[in-house]
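I'd like to ask some things about the structure below.
Order of writing sets the labels: A, B, C and D. Residues in every chain begin at 1.
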Amino acid sequence: MRYAPAVPQTSKVATMRDAIAELVRDGDTVAIEGFTHLISFAAGHEIIRQRKRDLTLARMTPDVIYDQMIAAGVARKLVFSWLGNPGVGGLHAIRRVTEGVGATLELEEYSHFGMVARYTAGAMNLPFFPLRSYFETDLPVANPLIRTVRSPYGDETVYAVPPLRPDVTIIHAQRADAAGDTQVWGLLGCQKEAAFAAERVIVVVEELVDESVIRADPNRTIVPGLIVDAVVVEPLGAHPSYAQGYYDRDNRFYLDWEAVSRDVAALEAWLDEWVHGVSGRTEYLAKLGDARVAGLRPGSAPSGSVDYGSYR
Amino acid sequence: MNAAEVVTGAAFSRSEMMIVAAARELAEQRVCFVGVGLPNIAVNLAKRTVAPDLQLVYEAGVFDARPARLPLSIGDPTIVTGATAVTSMLELFGYYLQRGLIDVGFLGAAQIDRFGNINTTVIGDYRAPTTRLPGSGGACEIAINARQVFVIMRQSKRSFVERIDFRTSPGNLGGEDGERIRREQGWLGRGPSVVVTDLGVYHFDERGEMRLDSLHPGATLDAVRGAMAWEPRVAESLMETPGPTADELRLIRDELDPDGVYTS
Amino acid sequence: MRYAPAVPQTSKVATMRDAIAELVRDGDTVAIEGFTHLISFAAGHEIIRQRKRDLTLARMTPDVIYDQMIAAGVARKLVFSWLGNPGVGGLHAIRRVTEGVGATLELEEYSHFGMVARYTAGAMNLPFFPLRSYFETDLPVANPLIRTVRSPYGDETVYAVPPLRPDVTIIHAQRADAAGDTQVWGLLGCQKEAAFAAERVIVVVEELVDESVIRADPNRTIVPGLIVDAVVVEPLGAHPSYAQGYYDRDNRFYLDWEAVSRDVAALEAWLDEWVHGVSGRTEYLAKLGDARVAGLRPGSAPSGSVDYGSYR
Amino acid sequence: MNAAEVVTGAAFSRSEMMIVAAARELAEQRVCFVGVGLPNIAVNLAKRTVAPDLQLVYEAGVFDARPARLPLSIGDPTIVTGATAVTSMLELFGYYLQRGLIDVGFLGAAQIDRFGNINTTVIGDYRAPTTRLPGSGGACEIAINARQVFVIMRQSKRSFVERIDFRTSPGNLGGEDGERIRREQGWLGRGPSVVVTDLGVYHFDERGEMRLDSLHPGATLDAVRGAMAWEPRVAESLMETPGPTADELRLIRDELDPDGVYTS
């Protein structure tokens, strides 16, 4: 049985420059998600280059990329659950604008499960999501959006968080087709929830693949093209974070960031050199050098194939 | 379609005409949530004719299925192999349907009233029914969350009733009152917008009431009135539904339902 | 880097007879889950053979297997959302005990999303789960456990369902290791949620595989051995339903069931011959015959392999 | 362990002793939720020594990890490759942690009080802190939902305080009042049960207060008192923690932390 030849789906493949220019607007709530791996540094840098302003940045773990973005002045507010340079230490640009009486960055703070639950409420179009966190803590005092809700079954009272609905969610993934059907393996984080919760979605990928690759293994798809507005092909776009199966974390970078981030002048110089000083990811990678990238490649650990069966 | 291709006379059954008319309503639609039974064949016919890019969503957890045969049920393995995405049902109902990503929910029904309220639960009293029907399945939430709802069902005085025995899925609320309810409860959907039967095609007017817009070839207004429990509103410009094309009939008979399960 | 030699994990592999005898008790709430595919007919038949009584049977779609179990008298109550012989028609044994004034089977009825949400609340240890179903319907009237809950953000009121916590959940899967780490591809239904919600879990599989097969593709694992009490190896244990990649639905069986199920005597004879008359799945399959099984095998549609990378 | 293997004197650092003592507490445990920082190395040491069958859960969504190297962070790719299961964080926090499947949540802390209440949010006033710390991450829900909580942290008058500046994660509620609160709010966990520092090992008494049960080699009660802001309860039968074995030190120095990130 054959289908009538379909009108080819419009490709959503775009350059990073165009995707950010068209889909990220001053004042937006922007979520760049990816827990430890698949963090779209490439998109963050382009947002800095285009000098976006007044963004509310949402992310479970504002790490080095948000330190860079906040240092560059794109944000007015941060919505988060853990703030740090993972495995290394603090984020000094963010500390400078959040410590003391002159703090200029507005914070809205949850726990990890609270953030996940917020994205999930957004993805499910629910007015709230219930959870058992926050009992006997100061978090609901610090953040009045963490509220209680009484169960309609018995007396139990649990906490609730409100939906988070980013204007734009940006995720990095191993592969997608031109329509935006996106697959990830390894850590899944909250990318699916953050994408479904958003108004607009940008997917950045290591590889653009034919639709048939996606359709051969539909259980790996985390985001359908249906909700994707742009597909940006940017290999190594998650450097210095990692992409499972493609490259390791560039730990030297994370270690080096400690000193850069502590020193305002050094940080400015870094942004000038590595963000404003390059036109995009291709130049960034050329600057980084092949040798450094080669050192990040992992050995092979194939998943093996399963059979979906052909049913005609 | 090309009128020259239209098959006339008794060369097709009433069920075939119903399925063809239902499939044609999907032209221009993008994402369709496929219900159990008749919707399954109508939507699969649409995918092969007027709406090749239609993305089929099955409540079993499948997005953008490309079934290589007519699925025996809405969980057939042929809807999985070659699909774009397979998800848990939590995500399918939560992230796709309740999130508002479904353009059309396509449902069948045992009973319907003039406002498109649907019963698929029981005939008779809920506690001691004369007929126990399947129940909601996903129909209740499809009716509430799909942007619009299409219904396909055979028409009779027992199925087109003044008052349904049980409201499984809400209808077209219509009017200002409906707008208010939707707003207060955060509904995304507009409710039923099309009902296709073996006699004709209905849409809904501004008050949310069903209106006969098209009569199938061979059907008459009297036949329609004889197969429903209320006096129907009829469009001023009542049309005749163009009959099935040879291609539509071939697809139904040779590919989609060679055993005549849906069309007998 | 090597691990100290681990104490070998106790194998959970059991016969179906032992698993059902030890883990399913009279009066239990039992959920056999699997949406259209991977329905554990083998476990259902063993429950009938062991003449369990007073069960509350939970399942989104009570289909042929529950028609058989209810005909055999194991259940006093049914918790469900759709009742039928999928693609064929009604379930006449269930209709006989639910229609008219003499109805003897207690019903507790939801919609699909309601059932999924109940399992999810059970799996998440939540006192309720909110959802946007049931507005302007008679379902909350028919089932007073469907209640409203007011959002702590604004005036919005949505519906809620209570957690479902089966005493035992039984799922069929393509493969597991001896510790119970279980992988499924194709439809996922609500098996994961139903398993995590349960007190005890039985997994029935097409194939028992080495732990290394599971660990090669951890994203495919839906249930960890941690929550599994018994692993039963029962190839074709989902017949006449299907197992993606292994066999197709035996549609002739579903069509034939219509007549069997309508006729009390025919149904009794069927149970005597195919359930009580065989000692277990091996005899059932021998009776069924190789030719019939061979006709259900699909062609091949491999997923392809992805690389997780080796990080040492 | 075999006492003959124990390394004595200054052949190990206080940090090494702390990590070793923390790892040993995991003997007999089955499922451990691994927190950021020091817990990561302590748990990975336990997996190689006293608890080879320990199933490591990482909040990144990994169950039963078998890291081939010390993970650089709790989301390192080495915790994924070869794991038993990888799930979304919604499922990890919902189906594993909140469901009550975690035996031990292993946390670090910036400040702790005598009842094990933990602060990882701010030093100073929340709105204008002198030091902005990372915040909860998963710690708040781990403290509430893990069956018990182990804490590893260096001890000082700044970290062991009379009153923490912000309560990020609740402590050991203790006593009848604690039981009531747990029951009313449906808590599954008992809160902190072990605190391991660079000076000793504490458990909690029936009122939920920390009690020094073991002093590390070379540490004195005076040193302990000098490194905390309240007068500690001390076990009548105060023990000396057996020093690290050569194997434990080799694992830390050669395999787990060759660069001395955690042990310097």
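Here, contacts are C-beta pairs under 8 Å (C-beta built on N, C-alpha and C of every residue); 3 or more make two chains touch, one makes a residue touch a chain.
Just so it is clear, the model here is predicted, and its values are computed rather than measured.
Hopping across touching chains, the smallest step count from chain B to chain C is 1.
Summarising the inter-chain layout, the chain whose CA centre lies farthest from the centre of chain D is B.
Chain B and chain D, compared by their mean Cα positions, are separated by 58 Å. For the pair chain A and chain C, the distance between mean C-alpha positions equals 36 Å. Mean C-alpha position of chain C lies 39 Å from that of chain D. Contacts with at least two other chains are made by residues 62, 76-77, 80-82, 86, 94, 98, 186 of chain D. In chain C, the residues touching two or more other chains are 120, 125-127, 131-132, 156, 158, 185-186, 188, 192-193, 216, 219, 244, 248, 298, 301, 308-312.
Chain pairs that touch one another are A-B, A-C, A-D, B-C, C-D. Interface residues of chain A facing chain B in the complex, by the touch rule stated above, are 1, 3-7, 9, 120, 123-127, 181, 192-193, 196, 211, 214-215, 218-219, 221, 224-227, 308-312. By the touch rule above, chain B contacts chain C in their complex via residues 36-37, 59-62, 71-77, 80-82, 86-90, 93-94, 97-98, 121, 126-141, 144-145, 166-170, 173, 181, 184-187, 261. Every residue of chain D that touches chain C in the complex is listed here, in rising order: 31, 47-49, 52-53, 55, 62-64, 66, 68-69, 76-78, 80-86, 91, 94-95, 98-101, 186, 188, 255. Chain A contributes residues 125-132, 145, 147-149, 151-154, 156, 158, 160, 162, 174, 185-186, 188, 213, 216-217, 219-220, 244-246, 248, 298-312 to its touches with chain C in the complex. Considering their complex, residues 35-37, 60-61, 80-84, 86-87, 90, 94-95, 98-101, 103, 109-114, 116-117, 120, 131-139, 142, 155-158, 185-190, 192-193, 242, 244, 248-249, 251, 254, 298, 301 of chain A touch chain D.
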